Amino acid sequence: MTLNGWTLPWRQNGDWKEFHLVAEPVEREMAPGMIARLWGYNGQSPGPTIEAVEGDKVRIFVTNHLPEHTTIHWHGQLLPCGMDGVGGLTQPHIKPGKTFVYEFELKKSGTFMYHPHADEMVQMAMGMMGFFVVHPRDPKLHRVDRDFVFLLSAYDIEPGNYVPKVAEMTNFNMWTFNTRVFPGIDPLVVAKGDRVRVRVGNLTMTNHPIHMHGYDFEVTCTDGGWVRPEARWPEVTIDIPVGGMRAYEFDAIYPGDWALHCHKSHHTMNAMGHDLRTFIGVNKRTFARQMKQLVPDYMPMGSAGMADMGEMEMQLPDNTLPMMTGFAQFGAVEMGGMFTVLKVREGLAAGDYKDPGWYQHPPGTVAWEWKGPVPATTRAPVPATGAAPAAKPGETLRVVKPNGHGNHK
Amino acid sequence: MTLNGWTLPWRQNGDWKEFHLVAEPVEREMAPGMIARLWGYNGQSPGPTIEAVEGDKVRIFVTNHLPEHTTIHWHGQLLPCGMDGVGGLTQPHIKPGKTFVYEFELKKSGTFMYHPHADEMVQMAMGMMGFFVVHPRDPKLHRVDRDFVFLLSAYDIEPGNYVPKVAEMTNFNMWTFNTRVFPGIDPLVVAKGDRVRVRVGNLTMTNHPIHMHGYDFEVTCTDGGWVRPEARWPEVTIDIPVGGMRAYEFDAIYPGDWALHCHKSHHTMNAMGHDLRTFIGVNKRTFARQMKQLVPDYMPMGSAGMADMGEMEMQLPDNTLPMMTGFAQFGAVEMGGMFTVLKVREGLAAGDYKDPGWYQHPPGTVAWEWKGPVPATTRAPVPATGAAPAAKPGETLRVVKPNGHGNHK
Amino acid sequence: MTLNGWTLPWRQNGDWKEFHLVAEPVEREMAPGMIARLWGYNGQSPGPTIEAVEGDKVRIFVTNHLPEHTTIHWHGQLLPCGMDGVGGLTQPHIKPGKTFVYEFELKKSGTFMYHPHADEMVQMAMGMMGFFVVHPRDPKLHRVDRDFVFLLSAYDIEPGNYVPKVAEMTNFNMWTFNTRVFPGIDPLVVAKGDRVRVRVGNLTMTNHPIHMHGYDFEVTCTDGGWVRPEARWPEVTIDIPVGGMRAYEFDAIYPGDWALHCHKSHHTMNAMGHDLRTFIGVNKRTFARQMKQLVPDYMPMGSAGMADMGEMEMQLPDNTLPMMTGFAQFGAVEMGGMFTVLKVREGLAAGDYKDPGWYQHPPGTVAWEWKGPVPATTRAPVPATGAAPAAKPGETLRVVKPNGHGNHK
């Protein structure tokens, strides 16, 4: 299952599985309301997922319909040096209008990526990348019930524009799963009890710590191969390096709607609209004055943070998404970018993995408003021993002005 | 032991351990001389550490005294979906003035965190976070003598201001352990022979490689659980991902004052004062001219780097710390931010872990000034064989203008 | 083998191996055509590699010929606290003109680093660092045939200038292996069948994911020690944390020219020349207008990305390298910065590891231009089943306008 994507068809020709990739300008809807003009493969960015089987001989035709030359590097594959796709070093560049042939045998199963190794900064900043999954020859090995793949990519698209800036190094504003942003990203739908694998590749410029709620899990595969069981670590956040892939697995035993997102909080935001300009620090004097209003001392009527924005009807430029958006059953989710939901459900019909809607929580299992007397409150600091003072609801134990010092002095 | 922090008292109510967190504006002294106006819990940022035991049933009241809505996500805990704290997705937001109840059973021991999942960028940039330590039901499991916890957080506070800017993505200037900066951070005091654990959580926007001098050690726990012994790596620097926690352990067999800090050298600096403006690149022409003075060729009397600044009395804005500061027994330490000291001592009275002052080095164990003839010097390049020329002190072996090429040509 | 570097000679004096490091201003050719004025040791940045044997007693004289005080920290070594090199905390600073002595026994084999712990931000931004390799006492342990070491360092040098800016935190423009950039970096030459180790230390401000083509491999050593075999992961990209070292090993069984580089695509670029100013976003209005030309819709004659630049004769400022450069047997490589080539060759004369030139590919093993009819193309989206339509070359299966939705709906 390629999130918001698809698998490339192939045909058998003698001993060879033949695929055809076309590098070309594409349009990609990042979420309803925003189109990006990118470069990709076969009409989309990222390109389609290539799937094949360990031991297959693959022949891949690559046609270049871009305005400049390109190549494809098969990241992680073991292959003859001349098939490695490094323009100038291991092959001539593929000029516009030309088609090249790559041929190699798939020596091992695993999760690989493909992307250009020619004018690399520009071509990857424009969205040229895809997944290459090689299934084990023995289908019982590493078997799972649900297998999801997505690529992390990042774009720098000015609000109101369609084309990324390609020379940016750190300050991207569209952080994507498969060139889609929340709320435009498919949920991961699984049945309770399924064995689930999530394969995530990172072709941005920074690490992304992918955090999934509700479970702990282990990395079972990198783009270098399968990780032996005794070497695995328990994790709730997988830090995926640039140019790296991590596949993690878990048994879907806890039903619910579980957030799955990058834990860098800017990466779960979309590009800011022009109306927010005063918030992003261009004019520091104006900005500081506004920020002081966040603390009640400065603004007695208690003005707020940014939470209202998710619900506000703002005047955004054309082709621009709100910074924080998306609604679920309990209200505004206030997210964007690299955020989606793992939906674990009991009683799905066999093989029916279409979106089941929001989770119906059993009674009494949702955090609820307390209408009784407010419980006792203890404020910093307390004595070093940490002995718990006896307290009753409504009784204030102690309120001490914090002095910033530790409890052992 | 929460560095510069404290543990939240609780009370037993039937089967339940009850805690009360109050989200509210706080003041935090980052180090003597600088106060930050933040948002936190129970009078402090970070909030108090919650400690409980595997198998406990916990009921946590959360009262919102902020000017905007909030929630709390219990990062890493296994719990019912409706207790997961994702505003809009798994529960309604907690409006200002309201109190909500979270209830769950602690299914496993380990080291977890808590923070809002509502207007997340703003609320975490304002300091809302805390630790949640679950001790094993069997106290002999994973037992240590000293157990330290601290959170990495980062703020963007203009020199002279009190309130962070909340929309910054990378260029923070206050890099903290538990919202404190050197020299305001507690030392980690341990007795020689103690088994020591250090638990570090990262809720900033970038990886922090935590480096501790004097020892090698292993990660024994992540926020996903305990790491099996055969999977552990020897380390001197633990790279802590955003939204991740790493606990490492070691036997404190080497006495001394051992630096413990983030290895990104900007993160051991405090915010620069206005007087340094010409150093930080606003006017590149002026800056380049000044920097050329760093190399003697350009400035025959040999002007220096920045080391003098730590000792200089500079005119700083109000509420601003020097960029590099702190003194120890041998002079200026020239640090700030994410820096503290592990103090390993023989002969501490049982349980007496108050700051023992600076380490008294045994005679002859401190690097000393050499007053004899200057030894022979070899300069790049040397022949490929690397054979060591015989030399006597004072004799210059060879001085060759470096040409930048390797020794194998 | 220190890439573009050398090993420091020593002399035996009783029980002690004596070394002499001189901290001083140096010139370093980063690649032909660009000299940097840095600070280093013994005439070079990075300083020479110190090599010794487990159990050795080492005495290291450090002479300071810089215009400001310094110290040396022996990163990763187990040693007496007073030899740890933290100025102010564990020793007095070494004033200009003075020589200090460090003495310690090498308690364990492994790969360590040395660098100042005094005015650290400035001195490391100026290039002061080196490797310290301790070989096992038993030469059969961890034996390899080829053993390469290099340090990752980064500089911020304005095009046309010679001296780095020292206060930069993220936007460096010269990303180096041992203070050299492509095409100025030595290749790693090995014989087919050699066991190879590559030791990489990171003293920049950000993680570097070091990606090597053609192989998968395992990390066998960190700066904390040797990694037990059962804990190792298969990798094709090693994410090296700041202040960390990773050594990886592999059997060189695949001949060829294999790219070895940082996978952050900006780190395989050199500083941009002034002629590119309009590309790097100073004037966003102009830039956006130019970028729109990248997509054919906006610019019917199909103007290109940046690939031409590697081949263009541009007017660069003095002492400035092209952003993308280097030529190999098939044309322009379009790289810079942290990029070099692993050259695996059959039939090297024993011990003859000089550069063998470009790889002679066996016939039929290089990706080639296809002159026949263009194969069928499938464009996004396809049906969920992913069944491969039968197709013949030249036949277009389906062309559907992408709508951004997944294949399971």
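Here are a few things to note about the model shown:
As written, the chains take the letters A, B and C, and residue 1 is the first residue of each chain.
Criterion: a residue touches a chain if its C-beta (ideal position, glycine included) is under 8 Å from a C-beta of that chain, and two chains touch if they have at least 3 such contacts.
Predicted model, so just to flag it, every value in this text is computed and none were measured.
Rounded to a multiple of 5, the C-alpha superposition of chain B onto chain C involves a rotation of 120 degrees. Counting every residue number used by either copy at the chain A-chain C contact, under half are found in both chains. Annotation: 27 Å between the Cα-based centres of chain A and chain C.
Contacts with at least two other chains are made by residues 170, 206-207, 230-231, 239 of chain A.
By the touch rule above, chain A contacts chain C in their complex via residues 1-11, 18, 20, 22, 25-30, 37, 42-44, 48, 51, 61, 63, 66-69, 71, 73, 75-76, 78-94, 96, 98-102, 117-126, 158, 161-170, 180, 184, 186, 205-207, 222-228, 230-231, 239, 241-244, 353-354. Chain contact summary for the complex, chain C toward chain A: residues 170-171, 206-207, 209, 211, 213-217, 230-237, 239, 254-259, 263-266, 268-269, 272, 279-281, 284, 287-288, 291-292, 294-298, 302-308, 324, 326-335, 341, 359, 361-362, 365-370, 374-382, 386-391, 397, 399-409.
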